[in-house]
Every structure is written in C-alpha cells, then in structure tokens.
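For reference, the structures are reproduced in the following blocks.
Each of the next two complexes has chain A plus one more chain, namely chain B in the first and chain C in the second.
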Partner chain A sequence: MGQIIISGILLGGIYAIVSYGLTLIFGVIRVINFAHGSLLMVGMFMAYYLSKGMNLNIYLMMLIVVPLMFILGVLIQKYLLSKVINEPDMQLFVTFGLLLLFENVMLAVTKGEFFSLDMNMGTIPIGSLVLDWGRLINLVAAIVLAILLLLFLNHTKIGWAIRAVSQNRYAAGIIGLRVERLYILAFGLGSACIGIAAVLLTPIYTIFPHVGFNFVIVSFAVVILGGLGSIPGALAGGMIIGLLESLSGYLIAPELNQIVWYLLFLLVLFFRPAGLFGIAGSEEGGVK
Partner chain B sequence: MSQSNSIQTANSKLSKNKIYAVAGLFILCIVPLLLSQEQYYLDIVFQAFLFAALASSWNIIGGFGGQHSFGHAIFFGIGAYTTAILFMNYQISPWISIWIGMLISLFVAFIIALPTFRLRGAFFSIATLIINQLVLVLVLYYKEITNGSQGILLPYEPSFKNMIFENRMAFVYIAFSFMLITIFVSYIVLKNKLGYQLQAVRENQDASRILGVNPFWVKMNGLFISVALTSMGGSIYAMYIRFVDPYLILSVAEIGAMFVLITMIGGMGTLSGPIIGAILMMPIDILLRGSLGGVRPGLNIVVFSLLLIIVALFFKEGIVGTVKNKLEQRKTKLLGEYSVETDKTRNEVNPNAESS
Partner chain C sequence: MRQISKITLILFLMLTIFIVGCSNSVSNGSDSEGEIKIGVIQPFSGPNAQAGEETFKGNELAVDEINANGGLLGKKVKLIKADATNAQEAISEAERLISKEKVDIITGTYLSGVAFPATQIANKHNVLYWETNALAPNITQQGFKNVIRIGQNSDTFASVAVDSIKNVVAPALGKSVKDLKIVIIHEQSIYGTSIGEMEEERLKDLGAQVLKRIPYDPAAADLSSVVNLSKNENPDIWLRTGYVNDGSLLLKQARDIGWKPPVIIGVADDSTYLLDALGKDGMEGILSISYPPYDVSEDYAPGIEAMMKSYKEKYGSDPKIPQTLVSFGGTKILFDLIKNAESTNADKIRESALKMDVEIGGTYPTGYGVKLDPGTLDNTRAYPVLTQWQDGKIRTIYPSEAVGTDAKIKLPLQGW
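Moving on to the complex of A and B:
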C-alpha cells in the first residue's frame, strides 16, 4: 500500500510538471492548446537527439532545449495565434492543426519507431519501498519549478503584468499593459516549462510521435482541477490525479485506473468550473 | 417599392440557390456511375458521402447551435457497436438495429448533456473530449459485450437483409441517401423555430433567454437530432467496413475531430458547408494517404494539417463563407451604393437567404 501511495505521488509529480506550461498558456491567453502534448513530444525528441548526438547527460540538455522551446512558443503565438486572438474557434483549429503537424512531421522523420534512452539510473530502496531515481528527480524538480514560477509571478513586475492580463485582459489593456506582447511572453514561458518537463520525462518514458496525446487530457484535467493559471493548483491537481490513478488501479482494476479521475474531473467541471484553487468566476473570462 | 423589390431579389436568390443545390446533388449522384469499375475510387466516393452526412449531422448542434462537441465519435461508436453486436449475437438485421442504435444514442446524449450543457465554449469542448476517452476506457473494459480492444469482426455474408453487398455501388448509394436525409433534416431544422432558436443561443445565450428561449432544451433538441443521425452513420460504416475497431471508431483525432474540421473547412453553420467540405477534403485526404503516405507515414497528414492552419488563419468563414463574401464584394463593386442598401434590407426581410 505504501508503495502504491509513493508511486502515486511520483506520478503526480509527472502530471504536475507537464501542466505548468498549460496553466500558463490556458490560464493567461485562454487558448485551448491542443498542441500542448505535441510540444512536449517535440521537446522530448529534441532532448533525446541532442543527448545522443553530443553524448552528454540528458539533464544538461535543459540548457539547450528550454531556450529552443521558448523560441518555438514565441513563434507560434506571434505568427499564428495572435492572428486569431478574438476567435476561440479558430484558435482551437490552429492548435489542433499544430498537433497534427508536429505529430506527423515526427512520424515521417522517425517512420514510427520507438525510442528510449538506455540509461538505467536504478532505484533507491527505503525500507520496503522502492523509489525510481528518474521519477524522484522529476518530483523534486516539479516542486522547485513551482516555487520559482510562483516567485516570478508574485514578485516581479512582468509576473504582475502576466497575472493582470490573465484576470482581465481588457482592463489590463486600459491600464497600459501591452497585452499582445505579454501573450507572446506567456506562450513562450509556457512552452519553456514544457521544455523542462520534456527533458525530465525523456529518461522515464518511451518516446514516439503520439506520446503527447495522453498528457494533453491529463494536463487539461490538472489545470481545471487546480484552477486556471494557478501554479500551486497545478501541483496539487497533479498530485490528486496521480494518487487517484495509482490507488484506483490498485483497488478497482488496472484497466480502469483513469476512470476515477475522469469522473472527479467532470464533477469539478460541473460544480466548480473555476477549479479547486481558482477564483470563482475566473473561468468566465475565457468562455463565450 | 424598394421593399417589395428586395423581397423579390431574396426570393429569386433563394430559388437560385435551390437550383444550384439540386444540380450539385444530381452531379454527385451521377459520379459513382461513371466510376463503377474502379473499386478504389468508389471507396473514396463512399467515404466522401458518408463524412459529408456525418459532418452535416455535427453541424446541427456544432454549427447552428455553436456547441463544439469533440465527443461525437461516441454516438458514431454507439451506432457501429449496436449494429455489430446485434448482428453477431442475435442475427438482427442492420436495417432494424440502426433504429435501436439511434434510441440508445438519444439516451446516452441525454445523460451526457444533462451536466455538460451547463458549460460554455471551450469548457464544453474539453468536457466532451474527456467523456469520449471515458467511453473508450469503458468499451475496452467490458470485454464480454464489446470484445475489448480486439473489436468485432463481421462475417462476409452478402444479402440485402444483412446490409452487406457484393457490389460497392450499393453502399455508395446508401451513403448518398444518408447524405440526402441529413441535408433534408438540416434544412427543416434551419427553416423552423428550432433553427432560429439554436442560432440565437449560439450568438448570445443570455440574450436568447431574455427573449423566452430555453437554451437547455433548445440545445438538447439540436443534440438529439444531431446524435441520431451520427449514430445512423456509425451503423452504415460498421456494415461497410465489417470491422468495429474501438481505437478507430472512438478516436477523437480520426472521427470526432474530423466532423469538426470538415465542417469548419466547408463553412460552419451553413447548409452546404459540411457537404462541400467533405466532398473536397475526403478525396484529398485519401489520395494523399495513398500517395504521400506510402513515401513516409504521416506525410499526408502534414499536408492536411497545413491546409487546416491556413484555412483557420486566412479563410475564417470556410469555403462557403469566403466564396460568398467574394461574390458580394464583386456585386457591390458593380452596382455601387444601391446594392449595399438592398443587401441590408434583404438581410432584415429574409435572414434565411444568408444561411443557405
């Protein structure tokens, strides 16, 4: 049982770290970013190929992958999404188009092969429990990144501006904030967060072009559960879903491990669309 | 004087559209006969008709009502599974089980809509997406009924009663009739109270409430019509392909989102949009899959997705909307101020003229 809870928390760390990028993008720009998972996949392939090519430790790749992902995010917002800024439908289709584009470009490049880093970092036994190194590093990183993002959003001027825009973009425009630029920055930052997650997940998961799709649904659930734009919410939401998945897989049936959090997510969506940690009513801003 | 004049132009425009529509459908009806020897092309024609019909069905709630469901694969799947299961286990003819599938779809739609219609815009889309995944998990889990991830393989026993035919042509005309039904139903919905109410809810749900519309039931009625037709399409598809694969039938990317994309490319909320979208996109998609897909897997979808992004950025109203705008612009140039005025009055007198 202890092992189940431990693995639930470690899984929660994974779900949390893939959701920070989405909560920044969805929370601030209110774009449903279907391309989220495929950006993660692109980041994972980048990390994999760079690490193989340069024969360096995978975690060092963060120095290259994160800036690259930031630029990719900036380009997407600046040249694609900003053209359809007031049209939620079109945004949906652009991001869906990007999802198909990224996945299938990678499919064409890799011819559908599966890749995994053959680095075995081993496990640490604590009493009767076993912890996987890769997942433990990821969990620590998830907590550290949450603290850094919180400090950034709460204690810097740019952070304040981003929060202002996420609360009410019209009012933020009136007080002189450059909304479009902040959107570009938010997408870039979100994308950089996805880059960090991608590097951390590369040693844990097998990489293939469709690896991102399952993360899309889970991160939407995490972000809505935790409240749009809320970093602590994303961390808590990730933990809740990770634990639920792990526990229901153990207690109900392995095939049904996702059912419980699907249901919980739907319940939250219906009764408290602002999420557990969001400000009530904040969800309306992005909704027609 | 100018009033009666504009009514006349509106009427003549409407009947002109009708003539175009009938002519277009007649050409579509002839096409399969010309290709009767080419099985590969008949497959393309079948899929184009079927997806035209399915996109039109989606368009009733998604386009007219503005509720962008990403979970319509659920009802496609209910139709397919009901027909396949009843056929395999009880030898019930698909011609009967189509209706049973539709009833089940209505019931499931009610259960799903009860909570989800409280959500708006993006949140509705995400909720339907998640419910689709939930249904997939359940279908895979209840192996006794659905045969789990292996799916259901239907035997090849051609007869009219089994809705399995030696000649593909029969299926092409079943899909064509199905398409005619969805066009007819969409037309009836659009010209009746429900159509106006759906559009009112789409434009502004709160304002429509003030005008005495009950958004919940309006959306529910739209959804009922939409899912019943979608389920019908699922049944036909199951008998055509004779293999119900849960990962394909309940796939958001290949089925659920496809309805949305086709409708958007053609023109959302219009009668002809989904049809034109499917007639253009499905052959392109299948031909690309045959040519580029052979070179490198996925290359065909790369082209498809680029097309999608271009449409979203530059042709926001789809093919139908863009063409219409271009025509209006040219007319305005030719006739000058006068026609601008009649355009305005025409819209006031007959809002239908816009949406055909």
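Moving on to the complex of A and C:
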C-alpha cells in the first residue's frame, strides 16, 4: 500500500508540472490553449534530439529547451494570438490549428516512429518501498518551480503587473500597463514552464507525435480542480488526481482508474466551479 | 492587376483538372483482358505510412516472382495501390478499387481498423478480400463469405503463447505446468481482450494457475497500479498483450520498482522501439510471440532466403519489419489458390481454399500451414513463433523446427 501512495505522489508531481504552463496562460490571457499537449510534445522532441545529438545529459538540455520554448511562446502570442485578442472563438481556432500543425509536422518528420532515451537512473530503496530517480527529480522540480513562480508573481514588479492584467486587463491598461507586452511575456513564461516539464518527462516516457494527448485532458482537469490560474492549486490538484488514479487503479481496477477522478472533476465543477483553491465566485479568476 | 491574377488562377485550375483527367484516363485505358488486377489497401500516408509501404513490398516481391515465371492463368499480375489511414478512406478507396479500377481481388492490411470497413465494401460487390496481416477478430466475425484471413489472428497468437509456455518455458524453469503461476495483463480493446481471454481459458485447461487477468488503458500516463497488482501475486510468468508505448512504460515502471519476474512474455515485443527504450540489458531474456522473424530456418520456411535476397536487390537493404514476410507468404498462398481454382472469383477461391490442407512448416516462406476454419474463414495454421531477446537481437526459440540458429532459451530472467 505504501508503494501505491508513493506511486500516486510521484504521478501527482508529473500531473502538476505539466499543468503550470496551462494554468498560467489560462489565468492571464484567458485562452484555452488546445496546443498545450502538442507544445509539450515539441519540447520533448527538442530535448530528445538535442540530448542525443550533443551526447549530453538530458537534464542539461533545460538550458536550451526552456529558452527555445519561451521564444516559441512569445512568437505564438505576438504573431498569432494578439491578432485575435478580442475574439475568444478565433483564439480557440488558432490554438487548435497550432495543435494540428505541430502534430502533423512532427508526424512527417518522424514518420510516426517512437523514440525513447535508454536511461536507467536506478532506484532508491526505503525499507520495502522503492522510489525511482526520474520521477523523484520531477517531483522536487515541480515543488521548486511552484515556489519560484509564486515568488515571481507576488514579489516582483513584473509579477504584479501580470497579476494586475489577469485580474482586469482594461483597468490595467488605464493605469498604464502595456497589456499586449505582458500577454506576450505570459505566454512565453507558460511555454517555458511546458519546456521544463518536457525535459523532465523525456527520460520517463516514450515520445511520439501524439504523446501530448496522454497529458492534456488530465492537465485541464488539474487546472480546473485546483482553480484557474492558481499555481498552488495546480500543485495540489496534480497531487489529488495522481493519488486518486493510483489508489483507484490498485483498489478498484486499472481500467477504471481515470473514471474516479473524472467523477471528482464533475463534482467540483458542480459544487465549486471556482476550483478547490479558487475563491468562490472568482471564476473570472486571475493569477495567484 | 487583381483581374489578371484571378484569370491566371482559373487557367491554372483548369490545367490541373485537365492533367488529373488525363492521368485517370490513362489508368482506365490499361484495363486489359491480359491482366489479373489486385488492389492493395494500406496506410501509405500518415503515421503508419512506412509500415504500410513495407507490408506492400511483400505483395510486390510475390508478384515479381510469379510474373517472372509466366504469370497466373496465362496473365500478368498487376498491383494497384490504395491509400487508407482510417475507416472513411478505407470505404472510398475500396469502392474506387472495385468500381473504377475493376480489380479482381483486394488484399491488405496493416491496420485492422482499415480492414474492417474495407471488407464490407468488398462483400457488397462479392470481391475476394484476402487478408494477410490484420489481427482483429471482428474482421472475420461478420459472416462474410468473401473474406479470408490467411495470416495470423488473435487465436493463433494465443495458441503459440500457451503452447510455448507448456513446451519450452515450463521445462526451462524446471516446473510442471500445473505449478506455474501466471498473471495476464492486456490493453482493454478487443485486440488485447480477445487474446488475454483465450490465453486465460487455455492455460486454465492445462491446469496452470492463472492468478489474475488485468485489463488496462494503453494511453494511461501511469501504469504503476498494473505493475504493483502483478507484483503482489508474485507470478512465475507475466504475460502481456498491448502496444509499443504502453509496453515500454510497463517494463520501465517494473524496473523502477525493481521488480523482474522469472519470465516476461509479450505479443510482438520483438519491436526495436522497446530495445531503444530499455536498452540491451533491459530487454535481455524477454520473450515475444512474434511474426516469423528473418532468422527462421529455410527448412521450416522454404523460400525465406530467396525472399530476403530479392528484397535486398530491389530495395537495397535488409527487410525492415516481419510484416513484409507475412504479406509475401500470404500472397504466395493466394497465387496457389488462383491456380487451383483457375479463377479469381471469390466463391471459387473460397471452395478451393476450404479444401486446402497444408501442415505447419515446410511449405510457405512464413512457415505457416493452411487449414481454414469453415465458420470464420480464419487460417487456423498461421502459427507465429516464440522469440527471445538475446544480446540485443531477436532469436527464434519455438517451434523447434523453426529455429534456424543455435539459439537456446535462457530462463529465468536475472534482474534488471
């Protein structure tokens, strides 16, 4: 049983780290980013190819992948989404179009083959229980990244500006904040977070053009469960869903493990639409 | 200016239509009496394009061979490609092959999801659908008289799994079948479920202890619950049916908790993608129920060496996937039946196929025998083989007549 709880917490770390980028972009720009999963996939391929090509440790690739993903995010916001800033429907189409674009380009490039890093990082035995390094590093990174993001948003001028824009972009504009620039920065930051997740997940998973799909639904659930735009909410939401999935998979049946958290997700939407960590009535939200 | 570019565009479009029209009329023009036309439905685009193309090469090599030997019934055989990656494309391409290209026979298919709808169109026109590759049980459960599956199916995969546990795995462990403890895991769609259920039933008939059968979602981001549930039972054999990415996740998660049972067997776990994911040491000793690989013996699979040679001459490399051999062997059986029936008519070929009685091994380059189940028209003797990862390579282990190397089974597995 202890092993199941450990597995659940480690899985929670994975679900949390893939959700920060989504909650940041959603919380600030109010765009439902359908391309979230495919950005993750692009980041994973970047990390894979760079690490193979330069024959360097995968975790070092963070230094390259994260800035590249930041730039990619900046370009998407600056040249695509900002053109349709007042048309939420069109924004959906743009992100959906990006999803199709990224996946099909990668399909053409990879011919649909599977790629994995053969990395056996070993395990840490604790009594009769076992932790694996890949997921443990990811969990620590998920907690550290949450703290850094919170510090940034709450204790820097740019962080305050981003929060101001997310709470009311018209008022923020009136007091002189440059809304468009902050949006570009927010999308860049969100993509950079996806880049961090991508590097951390590359040693754990097999990479193929649809790999993002395995994470995208669950990260939407995490974000809504935790409260839109809430970083601690995403961490807690990830943990709750990870534990639920692991426990129900073990105690009920592996084929039903997702149904349990879908049910919780529906209940939360029904009773607390602002999410567990959102302030009731704050569905209009903001970044916290 | 704008006017001019519009006119240019219209002219360009008309030209395109004209060219397309011409090329169509050319292919219609080749409709001659002196040819037997076989339509080949495969995914020639999209994520499975490479696999579709490789499978098609098996048909192509068989056709080259028969045409070099004077053709069939005094006619040359011609292949016509049809690209289908999903059900809608399968339907329209099957319609095109039959109505427009006027093919005599359709064959395929790397993807079961393409085969299933395509067989329905072939059935509507009573054209023979000659299935050499697809596995899904529902393809031959529609009661169609024109759909023959000459290749392996979930039933024969389950048979090989059970036979090899009985005949080579149990002796290698020094146990009797009745003492073997087995956990079966499989992905939850009809593919994994049908094989998993058959394995459970037949292993129980042999008296083996099937402790648990666990279905799982192959797209799940985490399969630790499957691994932990299996580990709790402490089985001798971990028997799996699934795909590549869930397979690599399961094996990695077993490694992550430091659990390696004495025997791991997977359906089609001879994939090099798994080798990429787990490395040579990780895969060492893992068993796979596989399509006949290219190391099976010439005695068991006569013609396999010639096939590999002509593949290399024509395409400049060694064959890449075993499905090429399977479609090559299946197409050769079709040609023998057309000769026997002296016709390409679906009913005549079915009659002749039902009479065919070829033992496993010694006749066709896959080693497959031929004996159709009169109900489903599945070939009950399309018998895959048991292989083992040894030092980063796949070695055929069972049936013993198929073993073309000096490879011997090595069990139990020794940790990760």
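As a convention for this text, the second predicted complex is superposed on the first by the 283 of 288 C-alpha atoms of A that agree within 3 Å, B and C clash if a C-alpha of one lies under 4 Å from a C-alpha of the other, contacts with A are read in each partner's own complex, and residues count from 1 in each chain.
In this section, contacts are C-beta pairs under 8 Å (C-beta built on N, C-alpha and C of every residue); 3 or more make two chains touch, one makes a residue touch a chain.
Bear in mind the structure is a predicted one, so any value in this text is a computation, not a measurement.
Colleague: Quick one: classify A:134 as touching chain B (first), chain C (second), both or neither.
Modeller: second
Colleague: Which partner chains sit in contact with A:194 here, chain B, chain C, both or neither? Use first/second/both/neither.
Modeller: So A:194 meets neither chain B nor chain C here.
Colleague: In the overlaid three-chain picture, which partner chain does A:245 touch, first (chain B) or second (chain C), both, or neither?
Modeller: second
Colleague: Looking at A:209, would you say it contacts chain B, chain C, both, or neither? Reply first, second, both or neither.
Modeller: After superposing on A, A:209 lies in contact with both chain B and chain C.
Colleague: A:32 contacts which: chain B (first), chain C (second), both, neither?
Modeller: It touches chain B, and chain C stays clear.
Colleague: With the two structures laid over each other on chain A, which partner does A:220 touch: chain B (first), chain C (second), both, or neither?
Modeller: Only chain B is touched by A:220; chain C is not.
Colleague: Look at A:61 in the shared chain and tell me whether it touches chain B only, chain C only, both, or neither; answer first, second, both or neither.
Modeller: neither
Colleague: Is A:90 in contact with chain B, with chain C, with both, or with neither (first, second, both, neither)?
Modeller: It touches chain B, and chain C stays clear.
Colleague: Is A:112 contacted by the first partner chain B, the second partner chain C, both or neither?
Modeller: both
Colleague: Go through chain A and flag every residue that touches chain B in one model and chain C in the other.
Modeller: In chain A, residues 107, 111-112, 209, 213, 253, 255, 258 are touched by chain B and also by chain C.
Colleague: Quick one: in the complex, what on chain A touches chain C?
Modeller: 3-4, 7, 11, 14-15, 107, 111-116, 118, 120, 123, 125, 130, 132, 134-135, 204-206, 208-209, 211, 213-215, 218, 242, 245-246, 249-250, 253-255, 257-258
Colleague: Taking the complex as given, what residues does chain C use to touch chain A?
Modeller: For this pair, the touching residues of chain C are 46-50, 188, 214-217, 219-226, 228-229, 244-245, 248-249, 252, 255-258, 273, 276-279, 281-282, 416.
Colleague: Hey, which residues of chain A end up touching chain B in the complex?
Modeller: Residue positions touching the partner: 30, 32, 80, 83-84, 87-90, 92-94, 96-101, 103-108, 111-112, 209, 213, 217, 220-221, 224, 253, 255-256, 258-259, 262-263, 265-266, 269-270, 273, 283, 286-288.
Colleague: Within the complex, which stretch of chain B touches chain A?
Modeller: Against chain A, the touching part of chain B is residues 66, 68, 115-116, 118-123, 125-127, 129-131, 133-134, 137-138, 140-141, 253, 257, 260-261, 264, 268, 296-302, 304-306, 308-309, 311-313, 316.
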